[in-house]
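Supplied in structure tokens, the structure appears directly below.
Chain nomenclature is as follows: A, B, C and D, assigned in order of appearance, with residue numbering initiated at 1 for each chain independently.
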Amino acid sequence: MANQQRKKIGVAICGLGKIGAVHLDHVVRNPSVSIEWLVEEDYDRVVQLKHEFYLDDSIKIGNSSKVDEMLADKSVEVILICTPVKFHPSLIKSACKAGKAVFCEKPIALTVDEVKSCYAAARKNQQLLYCAYNRHFDPSVRDIYKRVKAGEIGEVKSIKTTSRDHPESPVSYLKTSGGIFFDCATHDMDMICWIMGSSPTTIYCQAHAFNPDIAAIGDYDQAGIMMQFPKGAVAHVDVNRNAVYGYDQRLEVFGDSGILESKNVFPTSVHHHDQDGHSLGRIQGGFIERYKASYRLEFEHFLNVYQGIEANLDVTEEDCIRVTRLSECCNESMSLGKPISYQQKCINGQLNGQLNGQLNGLK
Amino acid sequence: MANQQRKKIGVAICGLGKIGAVHLDHVVRNPSVSIEWLVEEDYDRVVQLKHEFYLDDSIKIGNSSKVDEMLADKSVEVILICTPVKFHPSLIKSACKAGKAVFCEKPIALTVDEVKSCYAAARKNQQLLYCAYNRHFDPSVRDIYKRVKAGEIGEVKSIKTTSRDHPESPVSYLKTSGGIFFDCATHDMDMICWIMGSSPTTIYCQAHAFNPDIAAIGDYDQAGIMMQFPKGAVAHVDVNRNAVYGYDQRLEVFGDSGILESKNVFPTSVHHHDQDGHSLGRIQGGFIERYKASYRLEFEHFLNVYQGIEANLDVTEEDCIRVTRLSECCNESMSLGKPISYQQKCINGQLNGQLNGQLNGLK
Amino acid sequence: MANQQRKKIGVAICGLGKIGAVHLDHVVRNPSVSIEWLVEEDYDRVVQLKHEFYLDDSIKIGNSSKVDEMLADKSVEVILICTPVKFHPSLIKSACKAGKAVFCEKPIALTVDEVKSCYAAARKNQQLLYCAYNRHFDPSVRDIYKRVKAGEIGEVKSIKTTSRDHPESPVSYLKTSGGIFFDCATHDMDMICWIMGSSPTTIYCQAHAFNPDIAAIGDYDQAGIMMQFPKGAVAHVDVNRNAVYGYDQRLEVFGDSGILESKNVFPTSVHHHDQDGHSLGRIQGGFIERYKASYRLEFEHFLNVYQGIEANLDVTEEDCIRVTRLSECCNESMSLGKPISYQQKCINGQLNGQLNGQLNGLK
Amino acid sequence: MANQQRKKIGVAICGLGKIGAVHLDHVVRNPSVSIEWLVEEDYDRVVQLKHEFYLDDSIKIGNSSKVDEMLADKSVEVILICTPVKFHPSLIKSACKAGKAVFCEKPIALTVDEVKSCYAAARKNQQLLYCAYNRHFDPSVRDIYKRVKAGEIGEVKSIKTTSRDHPESPVSYLKTSGGIFFDCATHDMDMICWIMGSSPTTIYCQAHAFNPDIAAIGDYDQAGIMMQFPKGAVAHVDVNRNAVYGYDQRLEVFGDSGILESKNVFPTSVHHHDQDGHSLGRIQGGFIERYKASYRLEFEHFLNVYQGIEANLDVTEEDCIRVTRLSECCNESMSLGKPISYQQKCINGQLNGQLNGQLNGLK
């Protein structure tokens, strides 16, 4: 082994809002990476992050007017896209064309067609395109995925997720979120299909807006989803926009020979007993803490594929298309009050996509 | 307090199969009760139980030909009915007519009309009629029921049960069981409506028979049910006929200000760590152990109402009618592949009942 | 199997205070037993229990003046002794002489010599004498005992108990209890030696009375004990007279190939999450609930040996002598401020017993 | 906030063995720090770490012959000392003299006198000297510390630790470790005194070497320690050199009004049930994983004090002196077979130190 400095991978981050800062945090701490560019409209925000993370003056900073300059910069090999969703497709395509590997926050885009066009651009330019469905890299979820694949619990008969947000998002955010199915349940449905290794035949939803402000924007704060898979397994998804007790994230897979569960995580291992009983404190309080490892690990996975250490990206175009269609199915099921055939959805993709657009004003 | 022997309540048990013996076990150990009659077709079975439980020679024993004699016996105040379901209605009516209080294993009957006629007989003869939905008296479930009623978790938004049998029942039993909805999910649906304090608006099912022998009798071994309640809450039921890891019985209620869960129960509090990890042994292995306290407590509740110590029976005619209708809705949902309106079901009760009879050959 | 009533075992209970009522409760519910006599000084107490348990008028009732009559009663085969300790030896000896099997609450007596004389009487009269160290029959403790014996965790290197009372006992009781070592730690030391299958070489204590009322009677409310066993294993005992959070009863055994722990028990399996965190309610609140199964199971064990179904009583004369000596060692260790040799104690038993009597006024 | 690069704190690490690499790992990922020097005898080791962590060529590398050069380097503000213990005192003193702040792996030194001389050097040169008793910064232990200080459980009556190593250390390491009391139990005794806020009056040990190779070097692999505190609280320490089931690290504090426990930590939140029972996988496997956060947080604490963000170092000279004396007391207790007065130890510090040196050849 020669005593010479290893070349680091040059990275640009586009969009430094809440999720952009989450990614900045692990990128800064990753010794194999050098940050080359930060692209963000809000200059004060970048200055504040530069201060917080002791960033070097050598890092180039700019707003969207600098995107072309950044794309032309040879020191940038990888672009992390953390902008609002509406900017994803054009940025992805430009980045791929400029010969950059792309790590994009989920979702790639809001319609199946757009997703397909992004992946087509990546293929055409022979660039990596990773969509950050971070549950795939949660250590507990991934452990379950591997053990189910290895046959540890036999044939899966029932699979269930519980996903409840904490803290409550402001309605201003929810308005632009795409709705509870596109924004929240998308993770659950993707995770379930990924573990099942297949797509459902039928999907049905029940939902309600307990919060009148959420009802007012045509969205729901509580939703239940059932999906049935080709071999008979039944999936249940239970999502809610606000759990006062913390960020509730659970998964359970039941099969022939056993069951695997991913339970909630506590910040410490402290237990307390007093006159009122036995208490463990609160579970993890939000997605940043709960999925801290996932955000880091999915990026490391992306870098591994980029460097040829791992063969394939774990989240595929098919995953992205499927979960977009399933979210559309959810909206349709709510509108029509009946189960939707996912197979039929795939055949009539284009048509239903339009219908869905009309039925649900959230997008 | 005078030093004189208190009068015990005279009891007859009709039917001493598996569930009859479960009830015999707690009745024998209840000092406030004296067993007067055991009615059972299988004479050897009674002799064996008499031996096992050191029963007195003074206890009268007979098969169904002795029912009238038993009913005429003034020493009998309470009759426990543990026969096959098809004998419930006639026995209930005869017992009520003979002036006996009736504790009947669930279900009262397989159709709404029969349930109604049994309760009508009880009312006409001013007799108690209790239907043994024993989950109401499981200490954990009841604790949750009380705390939800007391508003501890605010408005309920999601309620879920998991009920998986262990050990696997033989197909010979399943044939006569009424099917997975009437036999298993009935407990879950009753428990959910009881805690919600209302009936659902809509109910939808997905199910499958993984076991070909169960498919052959037109039943399912895995079923998922979703119900929505008038104020918007969504319920999920997940039932399976065979969990290899033990009798899985869980309940979760999520509301505005928190969540209450009833988790599985372990026979001991022993934990073990070795090279393979941390292990707690198996959960309770079957309904007899898991609901031992429930069987005893529901009977004590019944005796309390009989003696005027408590005012009202906890399981009502309305509960029995509702859960019968809900089970019928499940079969319809499976047949039609769509959600069923429970309200419409109530209006068209008679009509749908007939349809259900045709759709599902299990009854 | 003949259809004839099985003969029940005739039982007398002497002493119906708190612990006597605990035993009455399971004896009443045991169908193989018939209660023949209740001997108790407090007539109102017996009348109240007779009412509570629906006892028959045929049961004979009397105070200590009736002991001879009871002993002469041929219907009595087994005597449960639940009187204050000071009456144990004479009652045991009379009962054995009268040809009765004896089930005696712990301890048999307060000195090694008395214990020996009781067992000598039992042997001479060929009667069973069982001393109710009920931890032996706690399902979790027994499970650990069996698994340690079976070699599941290899050679034991460390063994620890935590035993904290709840609710707090009144000082009036503590005065007559024999002190924290004879009254509380006796269970822990017995349990540890039973599981280890041997006696310690050395024992050392540290203790303190935080409660001035307990200091005033020369006793302690917090005590720690260390014992070392011949092969090197180290034992830790941690006892306290008052845990506000419930009756804390734990055991941990660590060996070559793993660890076995008996954790605390909760009355329900309900978990609750709210803004303040995750709570499980209180652990079992007192010895009556926590050891309910133990009290019943140890008596069933005793009946099994009485009937020849099991070969040997699980608690032996050696166990009783040892735990008496160990409690004496604790008092000596406190008085002398140094470790005590258990071996030397056995050799000088008589002498040290006298010394101990002088050092500790509690007995 | 000005958009200019913040100055980073220049750091040197001396010693890059196992624990040195643990510290390198979090230092590399700390954006507020720049690594200036790595001092290590084994050149290949440094090259390998440089490769692993993508270290810059600008980082100066050298063996002990370069220490003076490193100390003279103005870019170095902080020195992390991770060398074998015998080099600690001279390095600490040189570093303080050179005006560097010192973060030193525990222990500062092996004798009380050396500890004092190191702190004297720090004081004289007005430099920080932090001794890395990392348990202080374990999030669970720290949470308990704070809650005990805040009076959440009232007056402490019992405090207990369990610390069992995994994986087993080679005897070659154990030979130089200082023995089980100086190497392992030191953490437990320090943690207990820190939480109690005082020193014990009396300390007593029992220990054994089950492993003959460990017996051969005059050390123990299983040890129990009891300490009593001035107000009466009793402490139990249970340490073992080898737990096959993982790195067992627990703490329990019992007081007037409740109990706080830090339980073991699992790498994932996955639970599994199958025919053999309920399993949670293994606990954290070793100190690097278990105390990953502690190592990072204690260094951040050190930097905070260095920068004036926090007022005082959390581990003090008094802590270091006390834990050295307590470890000496343990060796004495083993040699003399009796409890040792810590107070007397403090008075006779020098004398006993010499005695201890003779009694225990391990140091």
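Basically, contacts are C-beta pairs under 8 Å (C-beta built on N, C-alpha and C of every residue); 3 or more make two chains touch, one makes a residue touch a chain.
Small disclaimer: the values here were computed from a predicted structure and weren't measured.
Peer 1: As a test of understanding: of all chains, whose mean C-alpha position lies farthest from that of subunit B?
Peer 2: Comparing chain centres, D lies farthest from subunit B.
Peer 1: Would you mind pulling out the distance in Å between where the CA atoms of subunit C average out and where those of subunit D do?
Peer 2: Their C-alpha centroids are separated by 43 Å.
Peer 1: For subunit B and subunit D, what's the span in angstrom between their mean Cα positions?
Peer 2: Inter-chain centre distance comes to 59 Å.
Peer 1: Could you tell me the distance, in whole angstrom, between the mean C-alpha positions of subunit A and subunit D?
Peer 2: 40
Peer 1: By the touch rule stated above, which residues of subunit C touch at least two different other chains?
Peer 2: 244-245, 248, 257-259, 273-275
Peer 1: Please classify the inter-chain touch graph. Allowed labels: line, ring, star, complete, other.
Peer 2: complete
Peer 1: Using the touch rule from the top, collect the residues of subunit B that touch subunit A in their complex.
Peer 2: So the residues of subunit B touching subunit A come out as 155, 157-158, 160, 164, 202, 204, 206-210, 221-224, 226, 228, 231-236, 238, 240, 243-245, 248, 254, 256-259, 337-339.
Peer 1: Once bound in the complex, which stretches of subunit D touch subunit A?
Peer 2: Going through subunit D, the ones touching subunit A are 1-6, 8, 28-32, 44, 47-48, 50-51, 53-57, 61, 139-140, 143-144, 147, 152-153, 257-265, 267-275.
Peer 1: Mind pulling up the subunit A residues that touch subunit C in the complex?
Peer 2: Contact set of subunit A toward subunit C: 244-246, 248, 266, 273-283.
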